[in-house]
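Single-structure report; data block below.
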Amino acid sequence: MIFVTRTEHFSASHRLFNPEWTDEENARVFDKCSNPNGHGHNYVLDVTIAGEIDPSTGYVIDLKILKEIVLTSVIDKLDHRNLNTDVDFLRGTIPTAENLAVAIWNELSPRIPSGKLYRVALRETVNNIVEYLGPK
Amino acid sequence: MIFVTRTEHFSASHRLFNPEWTDEENARVFDKCSNPNGHGHNYVLDVTIAGEIDPSTGYVIDLKILKEIVLTSVIDKLDHRNLNTDVDFLRGTIPTAENLAVAIWNELSPRIPSGKLYRVALRETVNNIVEYLGPK
Amino acid sequence: MIFVTRTEHFSASHRLFNPEWTDEENARVFDKCSNPNGHGHNYVLDVTIAGEIDPSTGYVIDLKILKEIVLTSVIDKLDHRNLNTDVDFLRGTIPTAENLAVAIWNELSPRIPSGKLYRVALRETVNNIVEYLGPK
Amino acid sequence: MIFVTRTEHFSASHRLFNPEWTDEENARVFDKCSNPNGHGHNYVLDVTIAGEIDPSTGYVIDLKILKEIVLTSVIDKLDHRNLNTDVDFLRGTIPTAENLAVAIWNELSPRIPSGKLYRVALRETVNNIVEYLGPK
Amino acid sequence: MIFVTRTEHFSASHRLFNPEWTDEENARVFDKCSNPNGHGHNYVLDVTIAGEIDPSTGYVIDLKILKEIVLTSVIDKLDHRNLNTDVDFLRGTIPTAENLAVAIWNELSPRIPSGKLYRVALRETVNNIVEYLGPK
Amino acid sequence: MIFVTRTEHFSASHRLFNPEWTDEENARVFDKCSNPNGHGHNYVLDVTIAGEIDPSTGYVIDLKILKEIVLTSVIDKLDHRNLNTDVDFLRGTIPTAENLAVAIWNELSPRIPSGKLYRVALRETVNNIVEYLGPK
């Protein structure tokens, strides 16, 4: 068993707010993250696959293939987008890093061709990171 | 003469578009940076002061004071904001990294109490950086 | 279950020595780390909380609250201090990164308001890092 | 139980190819990584030891000793080498990051004097990392 | 006048040796960098353009265009290559970082469509960087 | 003309205070940097040499030689030391990053065997850097 991680980047805007709350409640809980016109981040996404090494290639998974899956399944849909309005798989969720990591896991998990998705880590700023290891 | 640099961070959203152009022209020139609902970045700002060392302190400028000036003059106005709509000193400018660096220079330059503002560097993504050394 | 990490920094001085040993023994074991006048580091502290996502906020823990706890409980007491003489919760311990990580865990663990403290990671130099997952 | 990681670097060249395959098969699977004249990387190696803190030193393991073991057992044999031709402990293996991590584990594991080898992590590029936790 | 920098990466192998010298002379001068089977690096290339901001775009140069020029003119020819044997524009030069930076300058300089090439910086390892500002 | 930079690291403690001032004045000016028992940093030192490329080696300066000069002239005297008490070439100076950069320049400048010392850059924390280009 070995773990292989591919890192990709995307830049997106978002606003944190709960539509069931008043503006005051949103401002109190989410503070400047609830600014009505939004703000944004450069997100760093680490996707980790766990599996056995294929002796004929020395690979757990061909990273060219993993990269392609990560780009087409999630990065192309998130990069240079507004996470509140532009992304199908985020509809109805508050786009916190936590919810984003879970949504990315759900998009990627069924598409991994060898090994298994082990971890999605999402760095939102230089000081904040979220990790999700799946619904165990 | 010695150069002292203070680094600060802000997270903001923006959309690149020229209001005098059609949507098609904006899409052709700015591509995904012109996405109508915007996107965002974690910006890294380096502010460099040039000056002589004060022999009684060993400082060119007290970095606690420089930090305070950078925070109140620019970071507090940019962080967790939409650069197209929320920032007084960006009104009427396309919020590219180039225009942002010049605008930040203009905000900071008259407020530096010792030494002189030498350079504003703005990192927009891990692959892009802009530097401005003033109107020389 | 999801993991959320907050990163904070502090700068401190220390000297490694065991008061029950002779100077020669200390010099032999701790080498230059036992320099009588001390040395110092920029420490990078990663605090990881594990928990469920609160559906009303999308948060495991509000990072503004976590940051405040980390600052008041440990950073304010460690930053710009001498770890051998200035820190109550380090009295009687040799201030290695290992002992620091355990002491920081003990300070933080009872103060986490939602989720549970999962890991304290402490980077002492670009080449050395220590991680503690609690008294399991 | 606490985890201590030491980071070291080496620069090496390699070529990925399976000698049992035709040139076409190698080119199809390994693509540009199979370039006949090779290419290379700056590898970043993290070696993690797990153990109890020795109360007389505050150490799990003396990092001066761990560094010496990592340098003499693996770095000196890998740095500024061709991984296909110059390294005894890689003979007969395709020098992927996965196989390298396992081979480094096997070299280091019997030589750790206190605590136990817990993880070998190998960063091959800014976007790819491999981790091995041993034959469990 | 403003400076815009684009960062790109390539991974390559090389061997430092002067064909007019004996093996002993090469080994004495270039030491382990002269290992006959080569070694390699992950190179980080910063390309800086100096120019005026175009008021209709807010750009000195469209970074999508600069990226394309850097990729097709130099990265595609250097990435996953052997710098001693595989690169037309390096024929007859010892592939040190210094010579590489000058050769990259010469490839890029005539192809910059707006602004002027100001600096090529090439990071060869975490500890070494070379900068070239052209034949002034 | 080309610029070659070598990066080295040292960890040291210091306290900022002016012996001609009262404790109150020192506390007011230097704040927590004046803590009587000191604090410390991991310093990152960049030494830049400017010169012509020697066509027989492709080097401006052999980095093995530059590294040796930097280690023996400054790093060995600064690393794991107290900058107020342990360093001959800092006697009588307040050990700010500015004064340190100038003192390092003065130690290195006469010892550079090929090319000329162009810049000493000293990173004290992730947010602060000082650069000195000599007594021009």
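For clarity, chains are labelled A, B, C, D, E and F in written order, and residue numbers in each chain start from 1.
As a convention for this text, contacts are C-beta pairs under 8 Å (C-beta built on N, C-alpha and C of every residue); 3 or more make two chains touch, one makes a residue touch a chain.
Owing to the predicted nature of the structure, the values given are computational and were not obtained by experimental measurement.
Chain pairs C-F and B-E differ in how many C-beta pairs they share in contact, with the greater number at C-F. The chain with its C-alpha centre at the largest distance from the centre of chain C is E. Over half of the residue-numbered contact pairs of C-D are shared by just one pair in C-F, A-C or A-B, which is A-C. In whole angstrom, the spacing between the mean C-alpha positions of chain B and chain F is 29. Inter-chain centre distance (chain A to chain F, centres taken as mean C-alpha positions): 41 Å.
Contacts with at least two other chains are made by residues 126 of chain B. Remark: the chains found to touch one another pair up as A-B, A-C, A-D, B-E, B-F, C-D, C-F, D-E, E-F. On chain F, the positions that touch chain B within their shared complex are 16, 18, 20, 29-31, 93-99, 101-102, 126-133, 136.
By the touch criterion given at the top, residues 9, 11-14, 32-33, 35, 37-42, 79-82, 84-86, 125-126 of chain A touch chain B in their complex. Partner chain E is touched in their complex by these residues of chain F: 1-8, 53, 56-60, 62-64.
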